[in-house]
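Chains here go by letter, A, B, C, D, E and F, matching the order in which they are written, and residues are numbered from 1 within each.
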């Protein structure tokens, strides 16, 4: 059987993956906007539609909010997979669905949710495991029948974003990296405000937390605002001065 | 030779110790104000007068600023020792000078600077060692000749405050504890603004950093604003519900 | 369809959840007895009946032991869910079963098993994931059909207890807290001795380990005996003196 | 029904378990060869046959490679279970299959894969959970029907080997231990080279990484080459001099 | 000038170094007794005489206590240096005094105090730095004039013992190792009781803490009682089975 | 009194500081060579002349070796301060001597030794404290009389290099960063070989250790060879793709 082609799918430089619409805006919205501003092509994937939620009239409204948020950030694509919200489990089927997207859009970098979130949704912990597996599935040969016969694609790097920024304690992986979002903090917050059904005007707590966290993280590194990412591989540079002063 | 008495010195519940005026305001000003509001008697000790600094006309002005800051926080006493700014070293003499204050004012709790501060003053690292030793010296018998014949005093607990809040990484001691400073954040910032020679109106960076850090720390614990302290002993409670919900 | 009511279920302040009868006695029995003594209403849930085990004639005997242990601790309720011992897996059904209990008894605090236990039962690791999810499921709206139409209930705080106290190493979450069990250590040990089929008179090793651990932990905090809990949120206090000296 | 016997199965001192053929060679091949040289009987178990892979013509060839590698290391047995490569999940069936092997060969020590491997196969993370559970299942009474009526077997110790040696950061368990493989590094590398379909002569990167890691680890301990293992229990010795100088 | 010889000094296998008499008994008395029982020649060095203390009539009594304690442990030698108690500082002179002892008695292993002890004596932190330096000074050539012309001696290994066992948190060095003191716990406690002026019959707290800690540490490793040591180099073994089962 | 000028001193982009000649070659020689290759002006400062050592005929020879090593790396300047080898202590005078060099050559970045080195020289631990202080002293106003009336200079960033690469364990600061030294590893090793009196042809152990460490660190990051640095501030980037792929 002939391999299908992916000519119809425009290559993306970066794909970020969250469990629910608004996860990525909260965890790395400023980073995504910065990547767009730097000229990279960026896609967002929500594993579920995040519905139902208390104040949302239904999936269509949530999807419209997600679309508006993506436009605010300026990303090229946003996709919602049909995995089940609230009952997301790491499974072969979930892994394959996500890997198909990776094979279609062929990103160099995948940014994925990377933590357990006690007292909040267990979907995040499952999402991390699905993303880890799908990054691997994307490059596996002799398995095309599971992936609509899309060619394999090797993702160069994977990095984790954090929904619950650790106050202190345990960096679980090789190192954290701050992304300067001084220019995009406002857009990040605006993208989250697009989710009107989730964060009505009367609920301001999240915005205080996110803004203070961004400004605090930024202040530790000498910039106005920042987001923190965790890398499973150590950070390496050929030019130390560039790495420290760029 | 008869022991001298400390009748002339009013007992304090808490003494906080920093290397320079403004250290304590920055590291734990909100906590000190909360302690005062809760009815505790609180003293502040600066090991040095912090002078010279670029914009200060001299020690008298700095001391006046420190006095105003202490009044803003509402603490009962502020003392400046005559140890040398910029060249503070852990030494027998420095330890004794501080321990004499502890013997005079007999605090139950000592709050002290607790970290190395790369790229900033090495005095903080030395101060931590001096404070550790003075807490011990305060209770040593058969040594009164070094302490103006003041009676020994055993300090019940010691805790560390942080000038450079760790972004992530290593809690160096047994546990950190947040103090809710929602009610006193404004007073904390106001006390720092008393140091006009150090933080002129045009230098707002410190205030952004401190306010965002306090709000961020607070948000991680469900309060408006918080400061972080580190305890050399584990925290213990007889009533878990009180500890979690009080 | 009208929501069912929970009028028939008496509200509990605290629910502790383990994988097997005797897990909770071992991990936090002293804490539960202290909570009871302080006037809080406390429930215990075992996800499985823990059977079979080598010396137990069957589930009825184990349940009778669990009942006696609960009475020794003085807790108001003990429930055994019908999830399968030895083959417990995090699943939608398991999460829902536990969340139904939370919706019925509406605790403010959930204490749950919080660690992997190499060389012992894998059920503990699965239990942690089930508990995390059920705390979240308890407050999810628009899902009542899965929960016998019980109203949602938001649990205020969650904390982890440890079956295998870490010797040193990695606090995986925001901070540990010791609970003073000086008054209830004896009752803790007595409650474990109720499990005659598990800990026959000839097997004293567990009791030596638990007593020495409690006394050691206590000694690090200046009390006679203690248990250690881990909090996913930092500990915060409005009154530092109360937190340190209460 | 009468219990079956295991008379037909020769007891092994050590069983090492990996997800795929070549996992164990990479993670602890030098250690296995050392154990053999010291006179211990050693078995290897691969949970899956590791197929398909890009350059392998099929499972038979991979199995032949695995057999050659085992002979190079000198181990007594190598078994391949029929769990599915690339889609390994912790499950009751997987746990039982592995525990049956433990009951048959009755090892004192189990060495198992012990880490998540971001950007590589998710099978490793699942394998760790399967191994943890199977070590426990091996000693469970009253469950013989699941285990071909093989008698229970209690494994004395379990230890983890690492596919992705941590550069720095978090030892997740009680302690790491280096094994001196100065005498067996060559055999380790030779055993990996047996997997010609996986590591063709043109792909030398893995060998550079493994040799430099072994020599680096060795140099930190004053020996020529070493592998790192992680123990879930602290290391204990009756003779400190032996432990440090042996 | 001719080098002096050390023919008059009997070689010791191990030298342990503390700041005050009773430090070593508390931190590693069980280990020292075990080393003696295993046939090793062991010396103890106290950097100071530990005097004055509240209930001691003077140095002669304290020294007599130290002598009795050493005899209880069975060590071959105990030496008290004349460095000043309570005001110990890392200095060239202190380093040299200790290194002279190392050159005289030529130990293969040095066990030294290895931690800061907040709320207790700052001498411990200084002692650690003195010991680190003296281990190095012992092997420095072309410096004999500072060392009574004693020949250089290279110490093979150094390890740290702990006065304040960490409850959890940060292993500061490469790994911890437990020493099984099941056979010598009683002798350890007896040696501490020799310090009658320090621990009168009415002060039992220390003994409860030390015994519970030893039993707790032991229970984590499957032995009756243990002490914890920290190694600046990773632990390495040629025979994994010996390391785990010996 | 008029300020002196530093017109006579050519500005340097980077100054690296070690305790002894060969410290910097070992800890960050590859990084220094890379910085030179990238067009940055680099200086090296040795706090002491490192003499005496066993095989060196005297300081002149050691200095000649250091000069040859600096030429091998291609750095612009190498300075040896006259602080005492083997008895280096953090002191006001030592801090000032180093800060004078910083004021003269006005680096943007200071790379300094950053660790305790048990079993090796205590000078490294003292050097770290001297460097920390001197970075601060360099920018202090109103103190010119101590610094030959050289104008103040603010160093933008400080970073630590490691003599004893941690195997695993505790990142003491905000994050580690690898520098790709694939192009300069050979030059690094050649620069160390310039120290013929320290590393005679018969002593190859250091070279095996350094080369294997560099190749191992490199392999973790996908490059041929690397050195590890530790930053007291988190790493921040405006362009994530550049940070990960540059």
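Everything below uses one rule, namely that a contact is a pair of C-beta atoms (placed from the backbone, for glycine too) under 8 Å apart; a residue touches a chain by one contact, two chains touch by 3 or more.
Since this is a predicted model, take the numbers as computed values, not measurements.
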item	value
Any chain in contact with chain B as well as chain D	A, C, E, F
Chain separated most widely from chain E, comparing mean CA positions	A
Duplicate of the C-E contact set - from A-C, B-F or D-F, the pair where over half of the pairs recur	D-F
More contacts between chains, D-F or B-E	D-F
Chain centre separation (chain D, chain E; CA means) in Å	39
Computed distance of Cα centres, chain E from chain A, in Å	53
Computed distance of Cα centres, chain F from chain E, in Å	35
Residues of chain C touching at least two other chains	157, 166-171, 174, 176, 217, 220, 228, 233-234
Pairs of chains, among all present, that meet the touch criterion	A-B, A-C, A-D, A-F, B-C, B-E, B-F, C-D, C-E, D-E, D-F, E-F
Residues of chain B defined as touching chain A within the complex	165-171, 176, 205, 208-209, 211-217, 219-220, 228
Chain E to chain F touching residues, read off their complex	90-92, 95, 129, 132-133, 135-137, 140-143, 155, 157-158, 170-174, 232-234
Residue numbers on chain C that touch chain D, as the complex places them	52-54, 86-87, 89, 116, 118-122, 125, 166-170
Footprint of chain A on chain F - complex, ascending	13-14, 31, 34-35, 38, 40, 108-109, 156-157, 159, 171, 174-180, 217-218, 220-223, 226, 228-229, 231, 233-246
